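Labels for the chains are A, B, C, D and E, by order of writing; each one numbers its residues from 1.
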Amino acid sequence: MTAMEFAQFPILSAILFSTLLALLVILFIPDDRPKLVKQVSLGFAAVGLALSLYVYFAYDPHKGGLQFVERVLWVKSLGIYYFLAADGINVPMILLTAVVLFTGVLTMWELDKRVKEYFALTYLLVAGVYGVFMSMDLFFIFVWYDVSLFPMYPLIAIWGSTRKEYGAMKLTLYLLAGSALILPGILYLWAVAGGTTFDLFELQRLGFDVQVQRIAFVMLYLGFGILAGVWPFHTWSPVGHVAAPTAVSMIHAGVLMKLGAYGILRVGMTLCPEGLVYWADLMALLATIGIVYGAFVGLAQTDLKYVIGYSSVSHMGIVGLGLSTLTVDGINGAVFQMFSHGIMTALFFSAVGYIYDKTHTKMIPELGGLSKTMPKASAFFILAAFCGIGVPCMSSFWAELLVFISAVKTYPLRGILAVSGLVVSALFMLRVVQKTFYGEKNPKWEHIPDVPLFLASPRIILVGILIFYGLFPRLILDIIQSAVVPFVNSL
Amino acid sequence: MMWLPHDPVLSAALACATLPFLSMAVILIFTRPYQRLSCAISVGAITVCLGCALYLLITLRHAPAPVEYQWAWIVSSDMVIPFGFLLDRLSLLMLTIVAVISFLVQVYSIGYMHGDPGFSRYYAFQSLFAWAMMTMVIAPGMLQLYIFWELVGLASYLLIGYYYEKWSASQAGKKAFVMTRLGDIGFFLGIITVLLGFGDLGILHMNHAAQAGDIHPAVVTLGAILIFCGVVGKSAQFPLLTWLPDAMEGPTPVSALLHSATMVAAGVYLMSRIFPFFAASPDAMAVALIIGTITMLLASTMAFVTYDIKQVWAYSTVSQLGFMVMSLAAGGYFAGVFHLTTHAGFKALLFLCSGIFIHEYHTNDMREIGRGGGRKLTIPMICMTVGALALAGIFPFSGFFSKEAILGVLAEHPNKLFLGAGLLGAAMTAYYSFRLIFFILFPRSTAEEASHHEEAHGHGDDHGGGHHGHVFWAMAWPVMILATVTLVLGFFQNELQSYLLALEPASHGHEAVEHGGHGVGHYLLLVTAVCLAVGGVFFAYLEFGWKKATQEGFLRKFPAVETLFANRWYMDHFYRKALDLLVYCGFTNVFTRNDRRVIDGGIDGICRFTVGGGRAVSFLQSGMLQYNLVLMVAAVGVLVLVFAL
Amino acid sequence: MNSLSVYLTVAAVLFSLGLFGVLMRRNLIGMLISIELMLNGANLNFMAFNRFLAPEPAVGQIMALFIMGIAAAEAAIGLSIILALFRRLRSINVERAQRLRG
Amino acid sequence: MMKWTLFTPELYYVAVASVFFLCSLEKKADPRRLYRWAVILAGVGLAVTVACARMEGFLFFDSYKVDLFSQVFKIFLALGMFFVTMVCSELYGIEPRKHAEFYFLLSICTLAMMMLVSAVELLTIYIALELSSYSLYLLVPMRHRADEYVETGIKYFMVGATASALMIFGMSYLFGITHTTYVADIIRKLPEVLNQPAAVVGLLLALGGFFFKQALFPFHIWAPDVYQGAANQVTTYIATASKMAAAAMVIRFVGMSTGQSEVFIQVLVALSILSMTFGNLVAIVQKDIKRLLAYSSIAHAGYMLIGILCMTQRGYSSAVYYALAYLVMNFACFMVIIKVAPDGHNLQIKELAGLHKRSPLLAMTLMLALFGLAGIPPTLGFTGKFLVFAAALEKGYLMLVIIGMINATISLYYYLIVIKAAYLLEPVREYGPVRVDPWTRVMSAALVIAMVYVGIFPDRFVALAEAAVSVLP
Amino acid sequence: MSGSFVIDSLAHAVFWVVVGIVFAGAALAVFPRNIVYNVLGLILCLTGVAALFLYLGSFFLALMQLLIYVGAICIAIVFAIMLSRPLHLEVPKRRMPKLAAGIGAASIFFAAIGAVAWKTAWKPAAERGADWTITTIGHLLLTRYALVFEVISLVLLVAIIGAILTTGFSRRLSS
């Protein structure tokens, strides 16, 4: 353990280990104190949120580059480093994770089945997510990546709903099949570089042969792309979301899918720029198909969560399109979209979660007229839908704007196609909103109380963030840009 | 907020661009349960805005150059999207119109929406609407304009679908949103075209550069046509016009707002905003002119046959918007804007008056209103007649002046077909607007045409019964103000003209026409137009007002044509079919099947194949020792053979 | 013809016949006998290499000697297991032993 | 003269074996007492082995080499032995009167395998291997009331005898081509003659004996039946300790070719792929958890071979690490099985239903162990796979690694099925809570911690493995 | 010369006879379905192999072969036969697929190792000793192979204990 480079208080480690600590603490709480488990969870989530906010504010976009660096040699013979750092791309992701975790804990406040295990697994999952978003070492990126995936299985299979075992199995296997491509990709790069280091930036400095980059990039892109919901590897996403319990869907669609896009960006694009250039055309094509296709398929769904699942496919297509443009604007937009889609989809699932908890159905034909009985609960979904449509002054609008501008610039035809997808997405979102929330009051749901303030608080936070960054996008875009500009210049 | 006090102009602009938003936020978050408070907040905000708008108009009316404020909203690579204000004559005029109409509508709504359970929500949306529109109007750059343009769309979606429990209302809201979205795609792509072809989205820069020929003509043409797509969607031009009549599902004040100063006006405003840019491309102008003409005529025909009071005005809006587009496309910048202004006044008036009738008689059917004794509501009746006269272009009402200006512009156009169309349109306008007036004025008690047209589906304003005094007056005051405006506005044509055009130097040809357009031809045209309008009114009187009139309309004799008109030229059917065929049965169906069967099925298939493979391979482990041994020995033998050979 | 190849061939034949017996015989004792044949094949190999190639003649012999010892032990254990099986199944037919499968 | 101290662990186990031999002569040996003694003796054995870890030298005229490599594997073996005796507290799989013989054979087997990993002369290797095999042949049919599984012993024996015949036949070729029986000499001479078919064939056939122990395709055929048919503790031993010695020997023998023969490597690649694929595919359809683990062990033999066939220091060290990982994880699984089926019956997967309620600790141990076997971080199973694949990619075997990872994904499926049973399924009938004694608790906790700790902090263990293989010629 | 030639050719002929005996014995040990023939074949074969050992220059091994194999192993097998299945029972019919598979696998293997044996260029060692005395063997057994020598005793011990254990005879009189 040499080469300690702790410049200051290891804030990133603190965030990471607070989740693991939470996991341990929860494990040692007696089974019969679910309330305590929830309180502890919320407490740790709040701590994580506070620390992430600190990171967010302490990050200096003018300086740019990696900040909060922690680097320790981990396994000497392979060149593995415990290397945490954050740049402008990570900071929003860390913040996103913290927010979604916090709101996710709040959303599951009424959980009464195997509470302890649920929150323990959630924290394990989130630890993995944080780990990926903070690590700058390929080994650890992969480790945390897998750590974030496998708790999904129990989380869905135990606490899920519709076809939960099928969904859980499908999701887990599919995603881990993706990681079956990532690991060879990472190791391949490592081996080609001489087998001495897993440090992302050292590898980047060493550089790779064009042919190597092309091969490795495909593996990394497919591997991470599966998690990012790249068409046509997206089908796990709706199935998994439908099966998962609310907060898991939130974390999963909100944060986990971003891991995929982040991985493509951080690992694939950093290490294999030539490979990226070679495959960018295909990437853009897949992303465009995803955008339009997701919207169209979403149009035919009758399950609320399926709808959101497909909207995620569509929105993650925007991320992919942005990445594939290889321009500052496009990648800015993609990262911004990762953030806003995370918040938005968390809001979506959170809103649906409450409805499902109360009505025990998420089938659109059975719902209807909900706005009359539960206006507040409905409002959150509708707001999320607006955000999904790309209504201005909500954060995802900016992301889409940037992506589309650069997409039309780089790939005119695909860009125009993707922009036209906006109409379809508007159609299907509004259709869902209309069928679910509008219309005559449904006597079946008359007795249902509207969401009380405490239970609504997670959604309020999420809506607040969406609108806040919609009005003041620079507060986050400047941070993102501080990382993207040097990144694109280095391509 | 240190920078606030230093510059009153800026503070005023900022107030316009923030107060309604704040009011919306406050209402939605805090004061939802307190209806009166919400109402007060919203009306208060809009009043302040009105004050600010008027202040700005007065302060800056002689400003030599546009006042511009900008802050970087987002910065990405070398692209800076600013948020700011462009205060020039056009935007200030429009800002004032918006503020005035919004203010009046909101005041009117105190009465109209009284007792509605969603009262607070209504005002929140109204604030949103006002905010979006005002900020759009003073936007300095195309992107900001686009952003608030979209928000206007969102607000109108919310307000049209205000009675969301009514299926048709939510349907209409959705339709409005999606159809305008369709146009907005073009708008957005147009912006990107300009961005990529020119690199600057500042409206003034664009205009200057286009006029100076600094932008490649192809970019200008493409950009202008694409941007015009947005106008088509927003201003309900052909072929995206069918959403506007449906948008009547919203509360009537909303319709008033929508049709006069906000939503649909946004399109025309956009066109006049970047008029020099448009003007730099003759091709785009030609396209716009044709579209405008078609729209105007088409919409008029639709208005012939409907019995829904609001729909008549809706069609008239479409056709008047067509007029404006024609005017702008023909180069009549002032005429277009002037008509936009006057139209805002009298169309708001018409809707608000209709609102009073609807509020009173709980029906949209003009015959029902007439039979119910609509003429007895004197003030609204008079005001509505004033509005109708203005709409028909009868002297001395404001519509007369603006319409004349437009016809004057059309007369200058080399292709006289457009002038003919304009004149025809004027006549038709007069006919259908007075058809409505006469229906109410001279009701027929017999229900001979029993349920021939089931247009008047039960309206949603089913709140409280008879009108209380203050409720009625809250509605009546705005109407009366508007009627006055309609009466006098026309006489300010010259002032407005000099105000507006001071900044637009008479360098380009069309404007010169307007300045010196008082030739003999002009008077001839004037007389013709008035005659046509009066003729239209008279024809309407013959058919509907006269005691012996059948109140059937001449179109009854051409049932095919009538059906065609009544069905909006089957445009809705076409869209419905196209949507069903292409979207629902087409892509959606194919993609969904593909998703289930091919992609997901493929994945599941791989899994099943793997499991099946496991089952198949497991037979190798047959339990019979010697079979297994055979396998082992054979495998080893093969391996050894590999080396031996 | 007293050459290495002949011995190797004889050994190969013995070994393969033994292998064949193991694969084919249903009588467990028959299988055991076949295994003894295989071991003899190996033994013969050792002795042949010892005779024709090896530097130290003693090594191959010792090898063969120990293989014999192992064969004896193997026979003892094999036979005892076969007998144990017989006591349960009342049969020494290997085809009776196929309950575990899949 | 010889330094007998080098031989201490082996002598110690001879002594242990004698103790149990004496016990077996007793008229009536108390199983509890025997168990206690067994645990103590095995524990001391582990301590002795660890204490001797740093010894180096040759014994018996260079036919016996004590070095770090062998000592590391001896530690693994002693650990395995200790583990297995630990879970013998409810040895219902074996008749009580045969317990002494059971322990005796266990010690003998451990002893034989210790000699195996140190032996560097063909005959010694052969005899040691046979000794360990015979002990296992005898342990397998010892199962109490084994009517259903009576055929297991004979299957094991027949396959083993055939494999060992193949092996000695191959050794005879090695002897013929290199004229020596010393591994060191063979390694020196073999590369020159590697173009001769007999050399590689001899090597391959000789490897067959160890592949048999390792249950590598196509020598795997005994594994499912024996795993299922043997008493749970015996299966545990076969699945853990006996794999260690085989791994060591495969490393030693594969190293003989020093990577000179392309075809040989390709054959090993093919075997590894076949083994992984076959094992994983068939495991999917299993209902009996021991049988499932048998197939998974076939697959794991394939993974381990990936590391070995790289024939680099990194490859060997990764295989050593993988062996350790496999030992610990597999033992954890079997410990859970034994505890859940205290009467020694064969556990079906569905019988695990509701385990998370019946014994959360065991359920967690099982889950972690299975995730480890599937290669999911942060367990040591993942690190093992990672090292193995890293070594393979260093040699450029990209396709092999991808196939390996796909296989890992397939394997996840059936591991998840087991985990699902333990965590999700509601039991069909009430099984009652699992009796977990304090020792088992400690053991579970230790295993959990070990699995995670070694997975997260692999540095020291990797260094140890590298040091161990660095002494290989 | 002629005498040695006669002896040589006689030895040669006898060698082939011995090889024939070995083959015949092996065939007899494998093919007949009657287990007694198999044992007799095994004995014949082993004796032939012992003779081959003589040809290969090791009288000691030939003797050992007879002692251990023929003397011990075959007798044990005979005992096992007596203890197990009554000989008069009908022997089950052969199954053709299994036969074919067995023949196939075994002949692949035979072809493989035959090819290996023939294609390999066997080279004798550079220096070859000619020390065939039993003394050397004994010496080696107690020095170089001392460990093996010890271990084989363990093997035999395990085999004995195992045999007793497995066949179910307990050394404890109680059961």
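Rule of thumb we're sticking to: a residue touches a chain if its C-beta (ideal position, glycine included) is under 8 Å from a C-beta of that chain, and two chains touch if they have at least 3 such contacts.
From a predicted model like this one, the values you see are computed outputs, not experimental measurements.
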Innermost chain, where centres are averages of C-alpha coordinates: A
Chain pair with the higher count of C-beta pairs in contact (D-E, C-E): C-E
Geometric centre distance via CA averages, chain E-chain B, whole Å: 102
Intercentroid distance (Cα basis), chain D paired with chain C, Å: 26
Whole-Å separation of chain centres (CA-atom averages), chain B against chain C: 96
Chain A and chain E: spacing of chain centres that average the CA atoms, whole Å: 70
Shared-contact residues (touching 2 or more other chains) in chain D: 123, 127, 130, 134, 137-138, 141, 151, 153-155, 158, 162, 169, 173, 176, 179, 197, 201, 224-225, 282, 285, 413
Where chain C touches two or more other chains at once, by residue number: 15, 18-19, 22-24, 26, 32, 48-49, 53-55, 59, 62, 66, 70, 73-74, 77, 81-82, 84, 94-95, 97-100, 102
Residue list for chain E, restricted to those that touch at least two other chains: 98, 101-102, 105-106, 109, 112-113, 115-117, 119, 122-123, 125, 145, 148, 152, 155, 158-159, 162, 165-166
Contacting residues of chain D [partner chain B, same complex]: 151, 154-155, 158-159, 162-163, 166, 197, 200-201, 204-205, 208, 217-219, 221, 224-225, 263-264, 267, 271, 278, 280-285, 410, 413
Chain C to chain D touching residues, read off their complex: 11, 15, 18-19, 22, 28, 31-32, 35, 38-39, 41-42, 45-46, 48-49, 53-55, 59-60, 62-63, 66-67, 70, 73-74, 77-78, 81-82, 84-85, 88-89, 94, 96-100, 102
Touching residues (chain side chain A, partner chain D) in the complex: 74-78, 117, 139, 142-144, 146-147, 150, 153-154, 157-158, 165, 169, 172-173, 176-177, 179-181, 183-184, 187-188, 190-191, 195, 215, 219
In the complex, chain D residues that touch chain A: 314, 317, 356, 371, 376-378, 382, 386-387, 389-390, 393-394, 396, 398, 401-402, 405-406, 408-409, 412-413, 416, 419-420, 423-424, 458-459, 462-463, 466
For the chain B and chain C complex, residues of the former touching the latter: 618-619, 621-626, 629-630, 633
